[in-house]
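Have a look at these structures, which come just after this line.
What follows is subunit A paired twice: with subunit B in the first complex and subunit C in the second.
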Partner chain A sequence: MAEAVAFPKAAVRPAWVRVEGLSAWYGRRQAIRNINLEVAPGKITAVIGPSGCGKSTLVRCINRLHEVVPGARVEGRVLLNGEDIYGPGVDPVLVRRRVGMVFQRPNPFPTMSVFENVAIGPRLNGLAKGAELEELVVRSLKLAALWDEVKDKLNVPGTSLSGGQQQRLCIARALAVNPEVLLLDEPTAALDPISTLKIEDLLRQLKAEYTIVIVTHNMQQAARVSDFTAFMLAGEDQVGELVEFGPTRQLFTNPKDPRTEAYITGRFG
Partner chain B sequence: MDGYGYRMTAHYRRRKIVGWIFQGLTVLSAGLSVGVLFAVLGFVFVRGVSGLDLALLTETPKPPGEAGGGMANAIVGTLMLVGLACVFSLPVGIGAGIYLAEYGRSGALAQLIRFMADVLTGVPSIVVGLFAYAVLVLPLGRFSALAGGFALGVIMLPTVVRATEEMLRLVPDSVREAGLALGITRWKVSLRIVLPAALNGIVTGILLAVARAAGETAPLLFTAFGNRFWNLDPTQPTAALPLQIFVYAISPYDDWHRQAWAGALVLVSLVLLASLAARLGSRGVLSR
Partner chain C sequence: MTTRVALEEGLRALEDGVVELASMVDKAIERSVEALKRLDQEEAKKVIRDDLLINKKRFEIEEQAIELIATQQPMARDLRRIIAILNIIVDLERMADHAEGIAKIVLMHQDKPLLKPLIDIPRMADKARDMLRRSIDAFIRRDAEAAYKIAAEDDEVDALYDQVYRELLTYMLQDPRTIDRATWLLWVAHNLERIADRVTNICERVIYDVTGRMEEINVSKY
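And then the complex of A and B:
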């Protein structure tokens, strides 16, 4: 009986995500059209494609961050463990607690220490305080493979770390609110190759617990870390569409769509 | 090098001379601007320092015509008026700045508020004093520190609003998105993440507004009114440095003239101190 009670709410771990007929607009300009995608639990799904194909827009729809841009609008459904996050009465704030996000440029909160950067999420969301919060911060920093590098300087400003460390700090910050899904929007685009590899290793370690979607410019990165890959392309009307989606190995070795083949062999993009 | 046509031609020489003249004029203008400031400061210092004594800083005014006494009550009065002005203007001003930067953005209401704030900046301070007279002095039936603080608060308000907005807008949107992406509600993101990030700059703006308000005389003439005695009750007429300087300066007594200069020196020092603090604060922002 204790086990049944102790089982945390909404903890189908790892979680699954299904995108159904998703279209998104910025004002009058449509960014993506009719995307259908199944993000497998406990796997890493990469979204690749040339600039402007709507990759970022797609992932920003999965945590309802797209709609914070004035005039932005979404149609379609995104199911998180079977529940439509765009359903009536769903609070986008609560969706974002379950679907974490890491951005292209490391963006630690300015004027906050390393510790504060990780602690602020759980603190403001009322998840933990005091000793429990400290423990949670340490755990998150360890999960993000940053603890050993910052354990002696938890009080220095987060922005004083190196770029790669800042990005892992941002991952720790996202993990601290205990999300089920982790979205990463070109997380290594601003980093050097060694920092990039560290982040990729980290993602492989995290994927058992967290369902991961990573947007990347870099096809090698998609091939290295992901289990599934989605290839997106903007059509002649500049609206992004999903061209092909499948296991990464298959998509890279035996693409079904000639446009995918053209892209991965470097003929355009 | 001749083959490349780099020889000094008459045209080139002329261009160079014109350049020198223009640069010289700008240097002269810059020197004059700074020179005026130094002349004012130097003049106030030279005339004021001789009148500066302990009595000025610790005693209240003597009856007219009697030598001695000081402006201690006016110094405290100015601090109280500025404090009241902050009480009136900071919550509203910072709140409005947050609205403009975080919520209103380029909306019609935000544009209107911005326009009104800019208009308010240009309203002559004596008019603000009249306004305070009408809404506080007349209904309460007496001059008071409250009315004076209110008038100064109105003068500070647009500066506080715009400083808050400008500083908040310097915080990149990526920071806001990072906060929202953690499932933090929007108002908490604004208040607990964005505002702290901009706080140094906002404090700088507030200190500059305080410095300006502290030196205002006109809006206090028929609000705080002035007082020859100690007063810490905000509902009573209160002395203020600029008022005291004004009254003493137009008096026929030499000793009061001396004290007026010394008072001016104290006032300028207070204002400079606030500006200096603001500068140091803003340097803190930039170094981050």
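And then the complex of A and C:
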């Protein structure tokens, strides 16, 4: 038991994540079944598939966000650097600090300034204060490729930025607590093409230090940005399964499974 | 912040690949003609062996290009660039086959000496190689003007080929015993003439890359 309480051990960078036999339910309805997936450290892994295939559910299981939905439950294991995040005694709040999440719609805290949006995480977690905190905020904004655009307006409300800037602010906020893994659930679905490409370039820059999983509706995005791609599909019983997983290059030029081929060539259904 | 970093890097890698392949092909042409001058069988065998490396390089570039199309959705000038590259590498690879053809003619000579000292054949080779190098340079610089000019120079190679042909005919008419060796040299000249034609193809691709127009320029008389 002492082992479990010791979680988290020292962060390993870049981190690796292994999903083993993962199934998830919303009440009585099963959303995903028996997913096995190895997320490579320091790489970008994309999860693609049609609506309702369970890709968002899958990533929400990787930082224990799925269970906050009433009646939701999970079976199987998710290993973060070898430790099961569903192990006994593991604090889900700590898991979420180590595995950050960025959502589809930019959601800066509406009453807070640009600075406060980024500072709130490390402050609440007691990671830094004073000059150290300021430094951390600047570093996070720089990492999110937003610093040059906001350095003169750190005190304006986060919500006054453009959509693309707000999303990078959310990425800066996620990075400020120094996570090992970054999950992004359709992070550019609400953005214009140029803001989208900026986020994609940003992810490429971040991947050396942060293991990244991106859920996307847009398979061209998966092709552009990721090193590995997982294709999910709901079967006749509406339960999502992993159909194919492999290097993005291979999945998009020579997929193994005919269902993957049908999906990526737009001949689905 | 620049966007499309992955696409830009991919395009640069493809361009580097084209330059490297062209340099391998240029060397193959040079070495095949040098081997012919000295009837150096070992060197000729080496040219034939090294052709495998050229084929391999071509497939490597082709795979990279396919990957870039599949993953980066190139459009407009980026798409034209990749399509141009896919065509250029085929021409380069076929040029190397012509060099290999010359090397095989060296092997055919076995113990027989050259029919005559080589004069116009090395000139054809020099001209074709010069056109090749400049066409690749035009491709890298996206210089359509230069491409038109280089393609026009194919006429010079054709003229040299005419000259070689007429000269070899006189040998064959004078002494039918020279027909085999004269024919071999004619094949060499033909290989070089074809190499220059393929430079013209590369020039067409440069023009397509820059302007988006597909046109056949300077149709060779052969």
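To be clear about the criterion, the second predicted complex is superposed on the first by the 259 of 269 C-alpha atoms of A that agree within 3 Å, B and C clash if a C-alpha of one lies under 4 Å from a C-alpha of the other, contacts with A are read in each partner's own complex, and residues count from 1 in each chain.
Note that in this section a contact is a pair of C-beta atoms (placed from the backbone, for glycine too) under 8 Å apart; a residue touches a chain by one contact, two chains touch by 3 or more.
Keep in mind the model is a prediction, meaning the values are calculated, not measured.
**Q** A:194 contacts which: subunit B (first), subunit C (second), both, neither?
**A** So A:194 only meets subunit C here.
**Q** Touching A:43 in the superposition: subunit B (first), subunit C (second), both, neither?
**A** In the superposed model, A:43 contacts neither subunit B nor subunit C.
**Q** Of the two partner chains, subunit B (first) and subunit C (second), which one does A:170 touch, if any: first, second, both, or neither?
**A** first
**Q** For the three-chain arrangement built by superposition, which of subunit B and subunit C touches the greater number of subunit A residues?
**A** The partner that reaches more residues of subunit A in the superposed model: B.
**Q** Which of the two partners, first being subunit B and second being subunit C, lies in contact with A:157: first, second, both, or neither?
**A** After superposing on A, A:157 lies in contact with subunit B but is clear of subunit C.
**Q** On the A-aligned overlay, A:105 touches which partner chain: subunit B = first, subunit C = second, or both, or neither?
**A** It touches subunit B, and subunit C stays clear.
**Q** Output check: A:253 vs subunit B and subunit C. Expected answer is one of first, second, both, neither. What do you get?
**A** Only subunit C is touched by A:253; subunit B is not.
**Q** State whether A:223 touches subunit B only (first), subunit C only (second), both chains, or neither.
**A** second
**Q** For A:66, is the partner it touches subunit B (first), subunit C (second), both, or none of the two (neither)?
**A** Touch partners of A:66: none, neither subunit B nor subunit C.
**Q** Which positions of subunit B touch subunit A when the two form their complex?
**A** Touching subunit A from subunit B are residues 105, 171-172, 174-185, 188, 192-193, 196-197, 199, 288.
**Q** Enumerate the contact residues on subunit A facing subunit C in the complex.
**A** Contacts found on subunit A: 145, 194, 197-198, 200-201, 204, 220, 223-225, 248-249, 252-253.
**Q** Flag every residue of subunit A that touches subunit B in the complex, lowest number first.
**A** 63, 65, 68, 70, 93-98, 100-101, 103, 105, 107, 109-112, 120-121, 124-125, 157, 159, 170, 173-174, 177
**Q** Could you please specify the touching residues of subunit C with respect to subunit A in the complex?
**A** Against subunit A, subunit C makes touches at 1-7, 66-67, 70-73.
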